[in-house]
Each structure stands twice: as structure tokens, then as C-alpha cells.
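Chain nomenclature is as follows: A, B, C and D, assigned in order of appearance, with residue numbering initiated at 1 for each chain independently.
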């Protein structure tokens, strides 16, 4: 069933405001952060106004309610991913989730399956977001391990041709994005995961741009860890998820140390609670976790398959329309089976920053620059791109507005 | 001017609900987390409903507004602390702030003033919360440094008698709480900070329990770093602050790696933005930061001096009333000039967990256990305590209710 | 009073007059369990004769729920064989997860049915389970030894 | 159109026909500056004669604001002594912080007054400043060398 976008937009209060003196808001920047439906805002408000207390820390009724809401949210996230509840760790965002892993590897003792030394290698790709690149660069520096990477083909796909020299018996970690936040490319990771597991490597998936847009089942995917952010999936800011296969998660050394993650503490030593608790030090981001669960329920009620289908249709239309504007070049695959609704492009003679500014003056929000994937931008040989990224609240009229504005911008900047 | 508690309570929606079948909510657990005034909830809602976009990442109007709100919040926090705006780092909570420091020390190269090795020592105290203890235990393990600590006197004060053997030329870090979350003790840190600076050590203050309750000016305090959590100061969950003296903060190596904290990135290397940006990787917890600023403005409008005075009067009343119940022993100083409104106590013959449960059945929320300061509880020679912690929305009637309920509990459990 | 569901008389009795408290000098297995969220601790000594629990003793500090629970558990398990003990343990676990709507089998759980009310207080379930988890752990260790 | 405040004609002119673009072979100081949030880059070569800016050339990629700004700056600074240059620099910084309500002194800033509108677009201020920060950096380095 096609999405009723007009009705969906009514769920998002931001669409009642206007931009730059009365223009309709055309929001094409969901790749950076998504807008929030009222139910998500309400869930946070409800937590603060009625159930606020420190979860897991008190025998009083408010604390019980806060704990129940918090743990029920974990269950919601788990079932959305096809995971077990105790495999879900709440973080402040994907960036923390990925850094958690990199530091926890560092915290492993020799002999542990997470211990990484100069004889090991870490494999990433050239299309990684900085959040799934720099933590591994730093882990490589700390441990002496070698950092290797998959390149990107000229049409913006993962270049798997060198898989056998990249993933070898020494490989400890393979950390890859499931969907590029610049190219829109959806990586089919099956072969790589298989190969990585053959050599005993641990596979970490950056699912920031996939989980909000396509059905992801961690059991089917077969990876070991997976990270995403709440704010890109209609949820609040300040919350993220780390999923980990339980046996691994429970064995992984902790990262942040403090209250609620311990088993026993003396002045000189401490032992840890079981996962996921041992990764959730401190009073947690409870209201945000509850808001994230509301976001996921909202998406589930619409249907993530339906959202994906809708974005596919929109992307097809966007690519077709962009192809008709002279001077516009899309970076990344144009084959719809290989990509999602994040479309980066350049316009001859207009710098993305100037184009973005023009679009803004027409009420259209896009992102310009290197999109926190600077090595990729460099590999593509462009100084920067303009990125339109779609979500369930967009429709063809948004794309029409974008196309009109690009054509106007070309006139404005004299192209 | 005394606080108008009845009016203040109207600002907090949670006080319109009831507990355990219709009982009035008596909230004496602000040491764990504070309740939220409507203005804080509204600030988060307003951000999501009207200005939501990724701060620092987009040339469009929403992104500009989000950035402005985010940075104005930094200014609000800075001026509340007597600090400069660029000295404020937003984290997810005090636990992250303190772990950030411990890991950043680990990331320092030999020769850096932050480098810590086996010849160095780290000094904490026996009254630290796990969040200001375990990160230093772990840093000591990683670096080979020695962990030393100030003991606690029998009346619950920091025992400074051994200061000269604790803080020596080898001391690199002195990490202490400004106010104990168990004892309520307010530590006068002047001498210790002076001594630490004489030997060239870096002083880190856990201000979780002080900043929400007493005026704290970082310039007067004279420490180097200071951490606190938003949720204990009427703010949202999922946000914390790390303040650092700018020269130090800017020199400190980063902790979390990812987007927005970089200067330049290649596949193998990265350089960092200046502080505070280099410590804020990823799309930040914008709505929570904005909510925290609203909380601070709310407190400022009432006056933090006035709040402190109010709590002092309440504490005097609470101590006086508790002293009249036979079998009740308060742990921590009874001299009001040495303490704040966090009062832990035991009742002969009733385990804190049972007392807490009884109080809950009377609508009274307290915390029981070791309060994430297990070594302290052990040093005090009690298995656990019951803690009542006060804030601006409490008044004498809350204390009266507590006293009645303790006396009832004694009957109920046959003491 | 709702609280009476939690603090049944038999619980308060066992709290004040615990059974099998005081550690025996000899045992097949000794375990020490802690509740990290509140600090309650118990030490449990267990001796098996064949697959029968022939001796059980314990010591600990904690709230009435945790202390009464280990007291009742210890009396219940004494002289049971491990198969019977497992059935009791499973039943008790089920009761704890029942959110106040479980109908415990008094034939199996005997005095331990008094803990039915605990299942309505999620934060206290761990208190009630502390001794039972210790027993489970100790019985595994004792079997290994034998 | 409000956007015209930002994209004044003189800016678009300099963008299309930049001045002093193309790096000179010799210089006292060469600096390379980047805007990390968008990836704009410029390289600036500076030569001093005594305390006079005797040669200035640059190359770079970036948006119209950053490229026009470095072009205008380079023409403005050429043949100024360092004291005058500092006054111009300070004035331009002030203008950028003026949130659209600054009244720039055309006698000092000349064509650079065209950037007044940028101060209303916080995300673009860094674009406009890129070349000026490079100049500041280069002049310090060139003085050290001399």
C-alpha cells in the first residue's frame, strides 16, 4: 500500500512552520537527522511529566515505572532488529556505539578474542563515515595493527575485487557501512561477512543509514555488532544503539566505568555486571530511549517495508528528474536495486555551498560538503557535493520543488 | 527571600500525579535524579517541533537555528559557572565527562602534560561515586600509575591529615567530589587544590551533587576540570557537562572520534578541531542541551543562593527531626556548614531496603543501598543506608511525612 | 494494606528467626553471592550425599526479603534430591516472573508461596532470588566435586 | 530577494574573475587553510618587503563566498603595510560578527563591504573568513622569516 504522505506529514509538527519568510519547508536532509513525529515528542514528555526517576536505582514506584519503560523500550528495539533484548546496549549515538567497540577492543587482555596487536589488521572501506573510520584508525595506532580498506568503484559501489588480500587470517575486525550516507549505495555484505567469519574476524556494521530505511534483521545479516543512531530514525537526539551477538557482547570488556555497570567495587578493583548493563554506566538517557521506542513503534505501524518501497519510488523519480537537468551529475549508483534514497550530486559551475544556500532561500533543506566522509569525497574527485536525502514524509512535490530551484540557481549563478 | 515552594511545585508536572493508590508524591530522591519543570520539557519540545536539524552541518535555516540554540545553550552553561563558552563540552552525563578525561589522558603521548606512566600517581578519595573512582582505577591499570586515596573521618569528612604523603611530586591527577552523594559532606577543596597545583597535578572535580545546589564559580574554585550531569539539575536525561580550563582543554587529546570533531581526515590519519568541538563527535544531543540551558535559566531566575539557603533550612529541620527518632543514626556531618541536603541514615533493626519499601507505600521516594559508592558504605561499616535528598521543591511537610512514616515503619517491622 | 502482600507474616518471622543460619565448618561447595544494586550478600555452604542435599547452611546480610528467602529456601531444599530441588527452583523462578498473578503450588513451594507478592515489586525480585541463585550455583559446584 | 544581500554582484564578479589567483613561484610564507565543515581549501603565498605586503597570490577551491573573499582580500592587502593590514583585518572580523547590523567603513574595507550580508548567515561566516585567516597566519610566518 502506498504511503499516505499527506497524512504522515500531519504527524510531524515541524511541517506546520515555514522557512525564510513564509516558504513551505521542503526537508531533504533526513540523512543528517530526521524529523520527529508528535508521538515521539509525547513519549519523552510523558516520561518526564509522569514517570521520571533513576531507572534501576530505587525501590519506589517512580523508579519502578522508569525501569519498566526503559526495559520495555529495549524489548521494542530488540524485536525490531530480530534480536534478543539483552543484546541491545543504549548509547548516546552511533558515534559512541562505534567508539565503544574500538575502546573495548583496546581494553581486552592478551588471550582474549578481542585482543588486537601489531600482527592483526582492521578492514574498513573508503566510503565510511568518519564515525566508522577514525575510531579504527586510532585503534590501529594504539595497537600497532594495520588498517586496510576496500576501495570504491567509479560508479560508487564497494570494490570487492581485492577481498582475498584484504581479509586474511590476520584480520581481527571488519567494519563496514551497510548504506553509504553520501552515495546512497546499499552494500550487499553477505560475501564479506562470510569471508570475515571464515578467518575468524569480527564484523561490525554501521547501520545508521540502513536501519531507518530498510528492513534489517540482525540474525539474517549474520554480523557480530551493529550500530545506529536514534535521531535518524524519527527518534530523539542523544540516543543510539549498539547491538551485539550475546556471547560476544557479554565477553567484551566494558568501556565507560561508573554506576550501575558493576558487580562489586573496592577502592582498588571492580568487577562487572553482565551485558547489556556493563555497557550502560551512569543514569541512562531514559527519556530518549523511551522516545526511540516510540519512534520504532510508529515506523512499525506504517511498515518498514512500505517505507522502503516509498523511498524507492521517490528515488527513481528524483534520479529521473535530475538526469534531465544539464550540468547535474549524480555520484553513486543509478541502479535502484543497489541504492537507497540518499542522492548526492554536483552542478557544473555552482559550488555545492552556493547551491545549498540558494535552495535554502527557496525553503529547501539539503546538506552540502563532504558529509563527514572526506576520504570518499576525495576519492570521487569532487571538492564537495550537494545531498538530497529522502524519508517517509517526502513526496514527488518535494522533488519537483528541488528541480525547479536547481534550475533557478543555475540562472542566478549565471550558469 | 524564602522560596515559595507551593508555587515552585506548580512548575513541576510530576507533582500532579499520585503514588500507590492515591497518595501524595513526596519526592526525596533528587540526589539520584531531579524532577523537571515544565519549561525544561517545553524547551525540548520546542526544539523538536520547530528547529530540529543537525547543528553545525548544513547551510539551511533549520540547521542555523539548531546551531544557534545549541551554542546559546553553551553560553548559558558557561556564564552559570563563571566560565568561557569555549570551555564547555557537552557529554551524555557526568559519567561520560569523567571517563572522557581518563581516556584522554591515556591518549596522550609521552612528553605531553597529560601523559601518565608507572612513575605517576592518581589521588581520589574514599567517598567517591563509582563514576569518579572506577575510571581512575582503570587508568591506573592501563598506565601502571599508583592509585591513592584520601580516607574519610568517622564523622564523614575528607581526612586531609595525610595530604603530604598523598599529593607528591609524582602526582598527576587529583580527582575529588565537591559534595558527597551519600554523606552530603561539602568538601572545602581550597587547600587540596593549592597543594595539587604546587606539585603540578591536574585537579578534576566531580560536581554532580554541588552545581545543582550551591553556587559554583569555576574561576574561584581554581580546579582544572569539572563534571556534572543535566538530569540532577532539573535538566533532561542524556546530557552532561565537562568544563575545562581552556589551555588545558584545548591541549587534551580527544576521546570519541567521528564527525564534526575533525580538522582534516584521510584514510590513515586525522587532525582535530579546536576545543570544545574536538570533544563533541557526532550529531550532538541538541534537544537535551537546549533543555539543560532552560533548566539553568529556571534556577537562575529563582536564584541558586536562594535554593542553597532553602535547602540549608530544610536540612536543619530534617536533622533535628531525625535526631528525635530513637534508633535512627545519620551518617555524615551534622554541622550544617559542612553539608548539603543529602542525608543518609540507618534505622536499628530495619534494613534500608525494607524501610525504603515502607516509605514507598506511604508515597515517599528515597534511595536505599550503597548509592554507587560501595567502598564508602563499607568504610562506614554499614551494609547499606537510606538516603533522603532534598531540592527546591521540598518543604517541611515532606520531612514531616518522612518522620511519620519512619515511626510507622518501626511499628510495622516490630522495632 | 497493599504492603502486606509483600511482607507476609511468614517472611517477617523467618527474617527474625532465620533457619540454617550460621555456616557449617565442612561442605562440598561454598558460594558467595552479592546483589550489586543494594549490596546484600550471602554465603552458602552445601553438602550432597549422592544426589541428595544433606546439609545446607548460610550467613548473610540484607533485607527481610533476601534473608527470609534464603532461610525458607534452605529448609525447603534440605533432604531433597537434586531433581526435586530443580522442580522447586523452577517453580519459584516462575512465581517471581508472574507479576502478581501467579498461582503458586503450595504442595511444591510450601512456605515459599509467601513470596508471591514480591513479583509485584520488580526491584525486589532480585532480593528474593539471591539465595536461590546461590543454591543453584552451589549445587552445580558440589556435583562437579562429587 | 533576500539572498541578494549575501550574493552581492561584486562577490559573484570576483568569484568568476578572481584576482591574484595562481601561486607565485617565490614567497616568504606559504600557508594552506581548510574549512573542515565543508572542505573548502586555499593556499596563500605572501611576500613582504620590510613591513609592506609586496606580493600576494593564492589558489583554492571553494564556494563563491570563500573564493571571492580571498580575491578581494588579496587585492586589498597588496601594497599595504602590516599596520594598515591589521586595521583592515580587524574591521573585517568585526563586520563578520555584526549579525547583519554592522555599518562597514567603506574607506577601510573597500570592496570587502560587499560581505556585510554574510554576517546574517552564520554558517557562511567561516567561508568569508577562510582567506583572511590564511593571510593572518602567513603574515606572522613571513615576519618571523624576515
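The working rule: a contact is a pair of C-beta atoms (placed from the backbone, for glycine too) under 8 Å apart; a residue touches a chain by one contact, two chains touch by 3 or more.
Predicted, not measured: the structure shown is a model, and the values here were computed from it.
Peer 1: Pick the pair with more C-beta contacts: A-D or A-C?
Peer 2: If we tally the C-beta pairs in contact for A-D and A-C, the bigger total goes to A-D.
Peer 1: Just the number, please: Cα centre separation of chain A and chain D in whole Å.
Peer 2: Distance between chain centres, rounded to whole Å: 37 Å.
Peer 1: Just give me the whole-number Å value for how far the CA centre of chain B lies from that of chain D.
Peer 2: 45
Peer 1: Determine the centre-to-centre distance between chain A and chain B, using the mean Cα coordinates as centres, and give it in whole Å.
Peer 2: Using C-alpha averages as centres, the distance is 31 Å.
Peer 1: Quick one: which residues in chain D touch 2 or more of the other chains?
Peer 2: In chain D, the residues touching two or more other chains are 37, 121, 124.
Peer 1: I need the residues of chain B touching at least two other chains; which ones are they?
Peer 2: Residue numbers touching two or more other chains: 20, 57-59, 63, 260, 262, 264, 353, 357, 368-369, 374.
Peer 1: Just say which it is for the chain contacts: an open line, a closed ring, a star, complete, or other.
Peer 2: Other.
Peer 1: For the complex, which residues does chain D have touching chain B?
Peer 2: Listed in rising order, the residues are 34, 36-37, 121-124.
Peer 1: In their complex, what parts of chain B are in touch with chain D?
Peer 2: Residue list for chain B touching chain D: 56-59, 63-64, 67-68, 260, 262-264, 273.
Peer 1: Quick check: in the complex, which residue numbers of chain D touch chain A?
Peer 2: Touch residues, chain D against chain A: 1-3, 6-7, 12, 16, 37-41, 61-67, 121, 124, 127.
Peer 1: In the complex of these two chains, what residues of chain B are touching chain C?
Peer 2: Residues in contact with chain C: 20-21, 351-354, 357-358, 361, 368-370, 374, 377, 383-384, 412-414.
Peer 1: State the interface residues of chain B toward chain A in the complex, per the touch definition above.
Peer 2: Residues 13-14, 17, 19-20, 25, 27, 29, 32-33, 35-36, 40-41, 44-45, 48-50, 52-54, 57-63, 92-96, 98-99, 102-103, 107, 126, 129-131, 133-135, 137-138, 147, 149, 229, 231, 236-239, 255-260, 262, 264-270, 281-288, 353, 356-357, 359-360, 364-369, 372, 374-375, 378 of chain B touch chain A in their complex.
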